[in-house]
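First chain written, first letter: the chains are A, B and C, and each begins at residue 1.
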Amino acid sequence: MIFKTAAELATLIAEKEVSAVEVATAHLDRIEAVEGKVNAFLHVGRETALAQAAAVDAKIAAGEELGPLAGVPIAHKDVFTTRDMPTTCASKILEGWRPPYDATVTTRLREAGLVILGKTNMDEFAMGSSTENSAFGVTHNPWDLTRIPGGSSGGSSAAVAAFEAPLATGTDTGGSIRQPAAVTGLVGMKPTYGGSSRYGLVAFASSLDTPGPFARNVLDAALLHEAFSGHDPRDSTSIDAPVPGVVEAARQADVAGMRIGVVKEFTSGDGYQAGVLARFNETVELLESLGAKVVEISCAAFSYALPSYYLIAPSEASSNLARFDAMRYGLRVGDDGNHSAEEVMALTRAAGFGAEVKRRIILGTYALSSGYYDAYYGKAQQVRTLIARDFDAAFEQVDVLISPTTPTTAFPIGERADDPMAMYLADLCTIPSNMAGNAAISVPCGLADEDGLPVGFQIMAPTLADDRCYRVGAAVEKALEDRWGGPLLGKAPAL
Amino acid sequence: MSITRDEVAHLARLSRLALGEDELDHFAAQLDAIVSAVARVQEVAADDIPPTTHALPITNVFRPDQVQPSLTNAEALSGAPAAEDERFRVPRILEED
Amino acid sequence: MTTLVPFATALEKYAPVLGIETHIELGTASKMFCGCSTAFGGAPNTHVCPVCLGLPGALPVVNANAIEYAIRIGLALNCSIAEWCRFARKNYFYPDMPKDFQISQYDEPICFDGYLDVEVEGETYRIEIERAHLEEDTGKSTHVGGATGRIHGADHSLVDYNRAGIPLIEIVTKPIEATGEKAPLVAKAYATELRELVRALGASDVRMEEGSMRCDVNVSLMLKDASEWGTRTETKNVNSLRSVERSVRYEIERQAGVLDEGGKIVQETRHFQEGPGTTLSGRSKEEAQDYRYFPEPDLVPVAPSREWVEEIRATLPELPAARRVRIMKAWSLSDEEFRDVVNAGALDLIEETIAAGASPAAARKWWMNELSRTATAQDVELAALPITAEQVARIQALVDAGDLNDKLARKVFEGVLAGEGGPDEVVAARGLKVVSDDGALIAIVDQVLAENEDAAQKVRDGKVAAAGALVGAVMKASRGQADAGRARQIILERLGQG
């Protein structure tokens, strides 16, 4: 049962072939069996999950019309607030915090009848690309337990790749959905910024953070995308427009006559692993064979996306994370009658935040300081304009842009842990779409020859043309699965 | 571009992080490398380029002036490290606002 | 300790330059960025939600009405209204600020470049307005332990976030120069005029005593013939009109003292002390403030359409300055009389009473005397008395018709205020009609003349002034219900003097 797709499970449940409780139980049992090796979850809510599943079963028994994913279990990134489970963002500073409200994404999952199994591990406050920055232990890549599952949404990618859940939520600020999806052989989508609500998503970088889906295939990802997206009046940056027809596009799976641009800046260079480039180039050829017209396009400003991102994201983060000050919720250190509020704030933040979070707070504080603002934050925002212009110019010529999702496959746990610059390179190809706000997806395109690990293929589409990501992604998936004789995850070692 | 240890100490105070001496040394070296790397944005000729602060060009998002239900006092204080008399109890405040 | 220089002496040598920043809580029903109530005085932490408590994940959404109020105020202050502007984050840590940044506006205020004319002793001063921008209020801390309940020496503090997130408009003047010894009065006149203006616009109830209007007053001194301004101090949270005047006066005296002793003025924040009327230096901060402003990424830009701005302009009410001119003329009031009416909070009430039919003099007389006294005695605002302008007008109408005299009218007021019903009901229930039936009155007069033979004889002898005592006796005997004029007539007739 755990190897079925979300769409299959939903059909079985709707047709009463299996109950939602049976499906939830099977996944909870799987979690119990493999969590010792994977460590994808920070919290597993067996009781609440079974209660939600039973409620779905009751509605089905009563003949109620339910959504297309009703009864399907899901793993929820611990960055979204949940009333019935702790929300910690994998930080000691929020350990045990029970929010008095649900995030909009959480509410919509519940309304769609999805059964929340638990909250997944992540890099603390979503800062990282390996999930090693969690205060509560590393998560292991199900393909190779000595390697990272990507990040920051590494708990979500690992949970889905380890068949602990058919679906998961994530957030993508610089690649935090696409990169973990790429290195675990999953589909991961960053919707258009403003297409999915940030209300109740604990902010890392407000102008970049975007909730999105993880799934083992393109259609499941589209179904989940549709379930939790759409306008939210509680999020001022939410787009008041219908959700693009992503499910239809995933079913269409056809690229004949489409114009596709290969981003020249992301197809060569020092950091790229040979096996990654080989799989990427094969997939480009595959698209041509499917009738797409492929051209190479230069986006010069993309080369400055990474440095610009590492100014904008930490700047916003330094402000967003100021509220963790030990006054209203979360950890408090040093409240012994001898320390002032100011001292307690500083002691708590020093004790409660991990090294990467502190680094970025200091970096962001620096970039926003008087005297440096124009040279750093201001300049980075100008680069952002140039990146958006490059996208605009490219999308005049092509329908979608493509690149490898990440320069390398999953790296060993510990390899880049204290080398921030090396770690930051993992997001090289994914960052431009966060800067410009457009849609982008990663779909698996094979295993690298040198390490046998999954490689991700990134498809970028214009703002609000999310459907194109699914259309091209589904075409790639279909053609490759024909070639492989089944999903890529079928090749993963058993846990 | 470079960033000194003293500057890191100043930034840590500004951002309310009580860093130890070791941490300061460690971060100073790392931040110096990061700042040098990100300073590359200054290479970009962008004199007449407007900054982008929001990914999408949306304006005028307002809500009507209507009172909505608030949290209860118990909900509001549910996460408080300390509470007293229906309020958040905080250590003595040194600086005036 | 600096010796103060007497005000007049200080002004012989120095010229003060002022700057006033005023924070006013807008009178919206809900907060600036969330749906919590703005009502004053709720139980602690009950007007709070994830947004205004700054809970992780919560996001702000702008209250449309706050934008409209800001534009109203901007237009009334003769400001330009931005075609496009943004909110910005002002970053600093403070326990009563839930997000540890304040959503404010930085270099793109919604209103800018305006002015407000104020009058001091017959002279008009034009106060230039630099900007008016929107921001959110903070929570409120109570300091526990220590002797004074003040921040210094306290053991710990308790924070109530009900006020956090209430919309504020911050109105900043350009430097106010060349006011000389009038500086304290100009500052007070500006604050007064601004309060009246915002109140007239219906954008806030502007109760300084509840902290819904707070002034930060900047003062610097320069030598009279100097061309460069001196260093300024900022006195924070000056919370009454009188304190605005006093704080300016004190800072002039203090700064003159420092300068005369050869000292230097430190650019600093000071706090006004209501009791002694002095200012105290705030605890100097170890680090210079660096607020690291940047555009608020959680909010989109505000771009009020010109049509909207013009619509708002078209609905602006008559502004206080114009109203003052009109009313002073219509009611024949002096400056001072007008100010008394305003200070008593009687302006609207008197206008309504006149609209309901009373003459200006009568309407003003009742509200400024009888009713003001009652309000003061009960320690409530005039407008809060349980009597309407229509009722006051009705009582006056009864007086005009001769049905009541002033003394009876006061009894009617007493009855209405005591909740006994409207004027006519009170008149009926208490039997307060003037006795104008001559038959009844003649009987009373005859009785009084019989009982006061000495006085009656004096009148007969031509000492008409003695009739006053007889009239008084008639009034007493009739329990005030006699028409005193008619009683006098009858007395004089009966005693051969008519």
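Quick notes on this structure:
Keep this in mind: a contact is a pair of C-beta atoms (placed from the backbone, for glycine too) under 8 Å apart; a residue touches a chain by one contact, two chains touch by 3 or more.
Because the structure is a prediction, the values reported are computed rather than measured.
Using the mean of the Cα atoms as each chain's centre, the chain most removed from chain A is C. Of all the chains shown, the one with its CA centroid nearest the global CA centroid is B. Chain centres here are Cα averages; for chain A and chain B they lie 23 Å apart.
Inter-chain spacing, taken between the CA centroids of chain B and chain C, is 39 Å. If you average the CA atoms of chain A and of chain C, the two centres end up 56 Å from each other.
Of all residues in chain C, those touching 2 or more other chains are 49-50, 53, 61-62, 93, 95, 155, 157, 159, 290, 294, 297, 299-300, listed in ascending order. Counting only residues that touch two or more partner chains, chain B has 13-14, 16, 53-54, 58, 61, 63, 71, 76, 88, 90-95. Among the residues of chain A, those in touch with two or more other chains are 97, 99-101, 207, 233, 236-237, 318, 322, 325, 327-329, 337, 341-342, 345, 365, 369.
Taken together, the chain C residues at the contact with chain B in this complex read 28-30, 34-37, 43-50, 53, 61-67, 84, 86, 93-96, 138, 141-145, 151, 154-161, 269, 271, 282-283, 285-287, 290, 294-295, 297, 299-304.
Chain B meets chain C in the complex at residues 10, 13-14, 16, 53-54, 58-73, 76-77, 84-97.
By the touch criterion stated above, chain C contacts chain A in their complex at residues 49-50, 53-62, 89, 91, 93, 95, 98-101, 155, 157, 159, 290, 292-294, 297-300. The part of chain A that touches chain C in the complex is made up of residues 80-81, 87, 89, 94, 97, 99-101, 103, 198-203, 205-207, 233-237, 315-316, 318-319, 322-325, 327-329, 337, 341-342, 345, 365, 368-370, 373, 377.
Looking at the complex, you find that chain A touches chain B at residues 97-101, 193-194, 207-208, 233, 236-237, 239, 301, 304, 307-308, 310-311, 318, 322, 325-332, 335, 337, 339-347, 349-350, 353, 358-359, 361-363, 365-366, 369, 375-376, 378-386, 388, 420-421, 435-437, 463.
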